[in-house]
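Listed next: structures, encoded as structure tokens.
Both complexes below contain subunit A, partnered by subunit B and then by subunit C.
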Partner chain A sequence: MSPADVAAPARAAEDARYAPRRGALGRLLRSELRLVLGRRRNVVLLVGLALVPVLLGLVLFLTRDTALAGQGPPFVTSVTSNGLFLVVASLFLCLPFLLPLTIGIASGDAVAGEAAAGTLRYLLVVPVGRTRLLLVKACAALAFAAAAVLAIAVVGLVAGAVLFGLGDLTLLSGDTIPLSAGVLRVAGVVAYVGLSMTGLVAVGLFFSTLTEVPVGAMAATVVVAVVSSVLGQLPQLEVIHPYLLTTHWFDFAEMLRIRPDGGVLAEGLAVQAAWVAVFGSLAWARFTTADVSS
Partner chain B sequence: MTRTHEPPQPAAAEAVPGAPAAVATRGLTKRFATGQVAVDGLDLHVPRGAVFGFLGPNGSGKTTTIRMLLGLVRPTAGTVHLLGEPMPDAAARVLPRVGALVEGPAFHPYLSGRANLGRVDAADATTDPRTRARRVEEALERVGLRAAGDKRYRQYSLGMKQRLGLAAALLRPRDLLVLDEPTNGLDPQGTREVRHLVRELADGGATVLVSSHLLAEIEQVCTHVGIMGRGRLLLQGPRAELTARRGVHAVVRTTPAHVEAGLAELRRLGLPDARADARAPGPADEPTLVAGLPDDAPPPQEVAAALVRAGVDLVAFDVRRPSLEEVFVELTGEGFDVAR
Partner chain C sequence: METTAPVPGAAPEDAASPAPVRRHRARWAVPAAAVVAVGAAFAAPPLLATADTAGLPEVTPEELVARVLEAEPQALSGTVVHTARLGLPDLSLAEVGGADPIGLLGGSSTLRVWTDGEQRSRVSLLGQASEYSVVADGAQAWTYSSSDDEVVHYALSEADRARLDALAAERAAAPEVAGDLPTPEEIGRAALARAEQHATVGVDAATTVAGRDAYQAVVTPAGADTLVGRIVVAVDAQTWTPLRVQVWSSDDAETPALEVGFTDVAFAAPSDQVLTFSPPPGADVREVVVPLPQHPVDPPAGAPDADALAEALEDPTAEPPLPEGVTVTGDGWDAVVQVANVDVAGLLAADPAAVAELAVPQKTFGSAGAQELYEQFVPQDGEGPVPDLDQQALYDQLTTPVEGGRLLESSLLSVLVLDDGRVLAGAVPAQTLLDLAG
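What follows is the complex of A and B.
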């Protein structure tokens, strides 16, 4: 046998030892989810969000027989008659600031947090490919956004059921639909609100690839959400309103009409998809070429 | 020994003949956005099986070079081959065979040492998850962290953090270890342990590239040395050659009355630069004479015998090879520990 013949099986064994194994992406993703959802700061944020429906429910419960009852923004006034509305009212109250704040913190931290800790360089030399790492970071940030929305929804549902009971749902038009259909409508609201957060997650991920200072990325992400809703209130800028990140967030109300307008919902989701595409690409372009000198 | 401006002579330095170099760079250069050229035209050659001491003062470009080797930083110019494969293109294939410690350890502070290693291993697409727990324990054992494995990383001392960094590099067998300042923050005992570990890894057949700004800490374990200064590779080659060929000196201690006779005899023997060394340590009534021993000089034992025959008082006689530090000072004209 020539030396080459001897070397060939050894090299094949060698190649196998360093070949990627099945399920590797799933393992990394699970590890990432455990890290993000197990992190104390993030748990505190989720608990904070979950307290909103509890507090709102208690306030409405304690004032229900006083002169103050029935006052307040839309949806809130309906809670005492049907606990299901506590879910919608809580999301309505969290949407302008608390939800973007929470999601800005988690997504802005995604890459910048690892860079600041120095763990980013060690993930890259493991090696984890940069595209794969960004994908996993995006999935984890989206999972956190989903957890944030679900924390409000689930706790809202339970608190609403306990405090006010659940019943047939009276829609915005005044029509009433049975409880089972009502639950589906509210689930639709939750899903729409969750999907409405995807654009913000992408923005946060992009900022996160720009800096080694996580607080900077978090703040910038929240500022984008706030500025977007400010711009959305200036009639002079009406021409750009349809494309703003936040304009369609409250269109979830469409789900509570007797005949939801699919076009309105689709437009809101399309705008989110566009933000995801643009900022996802920017994040990818930046992250796959940047020097990691943290 | 290869001065970098001469053509490289890899074959001469090959510790494992035939195998491609563990690390080979060509004209490797990094100019940062600030305009600073941190690494300038490096032709680094680390033969397989070597323990390569990558030495240089703080700020001389060691870490930046290592970042480019590992694909973390994109070179402005030049190429990198690790274990015969081009970086960063072959990163997915090569890096599983490379264990690295880059500019200090870094882990998640709120996770335990054990959980941190688990996370690093979970990120590796090429390891077997069924053997993870065992490999994590072995790595902890190897660096002496087994008992502290469940402590949170933030509670670790600097030395324990450094050990955990080494453990992460050792989660699986490696062909190449790149260790950037592995002794930083360790006490003398810890430094000895790292040296021992490096020797053990090399005995197991791995190539080790170990950087340090403290030459004395790793000098003794290196088979090869590369010396950086201001972003350039000033010198590289087998350590023994670096210190053997360069400035071997005879050191003679005598009595004050015999200084002149001693110098005269040394010069007569063909050591023209013989001189009294006033700064040499030792009592004042035992002055020290120093003379370079060029290749054509008589062997040291004959020099000693000739001095005795000439009636020169010989209190002590020694042959001194320069330390790497002296080689460095000679090369750069600056001390080793100066910051840039």
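What follows is the complex of A and C.
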């Protein structure tokens, strides 16, 4: 089918937009969520993420009486004494690469995947404007990001409770807080990590509107996350560190200090909001002005 | 809802018409506006924060120093940023091991401070996912390092505590803690308390620190030879609490070699929960009994300035002057402390506190055999006769070999460790130490 053939029905759809049918947006969002969360590739990604706490928990469980016990990166060493730390340790291990990778795949696929499959023009037939269509895509990508973080957290909590049991939480400052307060702190960690992914979702969505090759958009998104963390390692670039996408990701540790400083957490979230504002508006400008030919 | 019709297909007649093109350009103005708005939102607060300090009454240097020294220490909590540009070799070890006082030797560190202004305080050095805390609670103190889950408890012996109670000590008998953390109010007070001896004090233009108006006292050392150019202490205009200390090296007029200052401070009593500490279950607790000096208030005669500086730098290689075998050459800021018969390697190994301070990550080997071999040579708790390998490496990394010993050079302090067991330290150029050593 040549682009010229496509133009006529697509134009009709654009015109139909002026008389939107009630509930079209809600239906589109529901179907999009079902599609994204039910897509086999995405389910495999979520299962893969959920396996991280299980594997980590099993390894720590099997080695806990050996000489290798109590060694490893921060939080991992605390898991054997309190299963609650399995959630934090798993997030800590997934945050640098695995989580951005899966979220990059889902958000980079959002628009480019439809374009590659030739379904984007049919999507434009739906009586929903392009802005709202992009919003639906963004919501679906965010939902996947939330699902990814929650998959790690929930499986980590269950695996931690089963393997090591839950108990009073020892904070980074050495003070101990009761289990109920500890669960709230860990929930705060999970929420912060989830919200820290919003900037990356916006970046992925923008790349996704640029190309019809989903792999390109996915790779570019992951590259942004990796380059950002590499730049974060260079002391020469200290000036730009506070504004990088990844700099504040690990500030979730603030939740585990004796007095969490709201300012530190707010700064991290403000940086994410800035990335969402810039790349969200770029994605919007691109998607609403692009010629869609496939 | 959209009001403009985007071009859905590659329709030639639409592409040729100017109106959609213009609308398309208008759309791209939105992300441009977003960039500007975001940039403004991040750049504006620091610019707006420059408060007006014109209303502050004038103060003479003598008055300023007197007010600071007379002021009651305040209950406060806040965030402190400690930045050291000492020109030391890069210590990559510190980043691997999490929050550790050794990290204060270079780069920027963030600390949280809580104090009730009397005998209780907590200072935490924050790492990315770790924390090192020093909690002083009257006559006892705790340190906790989250990276190795180790608690060190410093307390007086029973007899000493009884003696202290009998004395009803006026001055807080907080025990010396290995790996103590610096705070602006302590360093600032110490700097001003010693200022009048061998330095001139001036007043610089008022400034703003952590959003509070502050006077600036400038302490200029009288010595001609010292590496310390000047020390600038910013003092809160309301409570007379030092809020920021900048130590300028004599070779660098651009940036301070050492800067410790509040970025955020609140003068309110912190809760008891923050000021008390009990070891977490499962942590290793090491007890250290701190001897009470026979003469409670009797600072060593030797150059207090160099000593204070060494403390401020948290320098693990600069041992505090010992009563025996200590000689001091020069006075004031030019003073060089010379300690004879120091077995540096032995001292580092035998002093568990020093070992704790230099704690490095646990070493793991792939094979059990290698692990056992390593453990034979390096005791796990770091208290054995063999110095920790990494500690030796750290020492080698920080110092450079010179004829007859090793030299540590930084922009504020020089330490010369001689093979014959003498250690010379002072806030003077390295050449002065080499000349003195002969």
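The rule is simple: the second predicted complex is superposed on the first by the 271 of 294 C-alpha atoms of A that agree within 3 Å, B and C clash if a C-alpha of one lies under 4 Å from a C-alpha of the other, contacts with A are read in each partner's own complex, and residues count from 1 in each chain.
In this text, a residue touches a chain if its C-beta (ideal position, glycine included) is under 8 Å from a C-beta of that chain, and two chains touch if they have at least 3 such contacts.
What you see is a predicted model; the values in this text were computed from it and never measured.
Undergrad: Quick one: name whichever of subunit B and subunit C touches more residues of subunit A.
TA: C
Undergrad: Quick check for you: in the superposed arrangement, does A:Arg40 touch first (subunit B), second (subunit C), both or neither?
TA: In the superposed model, A:Arg40 contacts subunit B only, not subunit C.
Undergrad: Considering only the touch criterion stated at the top, classify A:Tyr243 as touching first (subunit B), second (subunit C), both, or neither.
TA: The answer is second: A:Tyr243 touches subunit C but not subunit B.
Undergrad: Contacts for A:Ser293 in the overlay, against subunit B (first) and subunit C (second): which applies, first, second, both or neither?
TA: The answer is both, since A:Ser293 touches subunit B and subunit C.
Undergrad: A:Ser78 in the overlay: touching subunit B, subunit C, both, or neither? Say first, second, both or neither.
TA: second
Undergrad: Which partner chains sit in contact with A:Ala219 here, subunit B, subunit C, both or neither? Use first/second/both/neither.
TA: neither
Undergrad: Does subunit B (first) or subunit C (second) touch A:Leu282, or do both, or does neither?
TA: second
Undergrad: Of the two partner chains, subunit B (first) and subunit C (second), which one does A:Gly129 touch, if any: first, second, both, or neither?
TA: In the superposition, A:Gly129 touches subunit B and subunit C alike.
Undergrad: For A:Gly118, using the defined touch cut-off, is the partner it touches subunit B, subunit C, both, or neither? Pick first, second, both or neither.
TA: Only subunit B is touched by A:Gly118; subunit C is not.
Undergrad: I'd like to know which partner A:Leu28 touches here: subunit B for first, subunit C for second, both or neither.
TA: Touch partner of A:Leu28: subunit B, not subunit C.
Undergrad: Of the residues on subunit A, which ones does subunit B touch that subunit C also touches?
TA: 17, 20, 121, 124, 129, 289, 291-293
Undergrad: Going by the contact rule set out above, which residues of subunit B touch subunit A in the complex?
TA: Subunit B reaches subunit A through residues 64, 67, 70-74, 91-93, 95-98, 100, 102-111, 118-120, 122-129, 168.
Undergrad: Under the definition above, what is the set of subunit C residues touching subunit A in their complex?
TA: The contact residues of subunit C facing subunit A are 1-2, 5-11, 24, 27-28, 30-31, 33-35, 37-38, 41-42, 79, 98, 107, 112, 122, 124, 126, 128-131, 133, 142, 144, 146-147, 149, 151, 264, 273-274, 277-283, 362, 364, 368, 371.
Undergrad: Considering the complex alone, what residue numbers of subunit A touch subunit B?
TA: It comes out as residues 17-21, 23-25, 27-28, 30-31, 35, 39-40, 117-119, 121-129, 289, 291-293.
Undergrad: Would you mind writing out the residues of subunit A in touch with subunit C in their complex?
TA: So the residues of subunit A in touch with subunit C come to 3-4, 6-8, 10-11, 13-15, 17, 20, 67-68, 70-71, 73-75, 77-78, 81, 92, 121, 124, 129-131, 168, 170, 172-176, 235, 243, 250, 253, 257-259, 261, 263, 270, 274, 277-278, 280-282, 284-285, 288-293.
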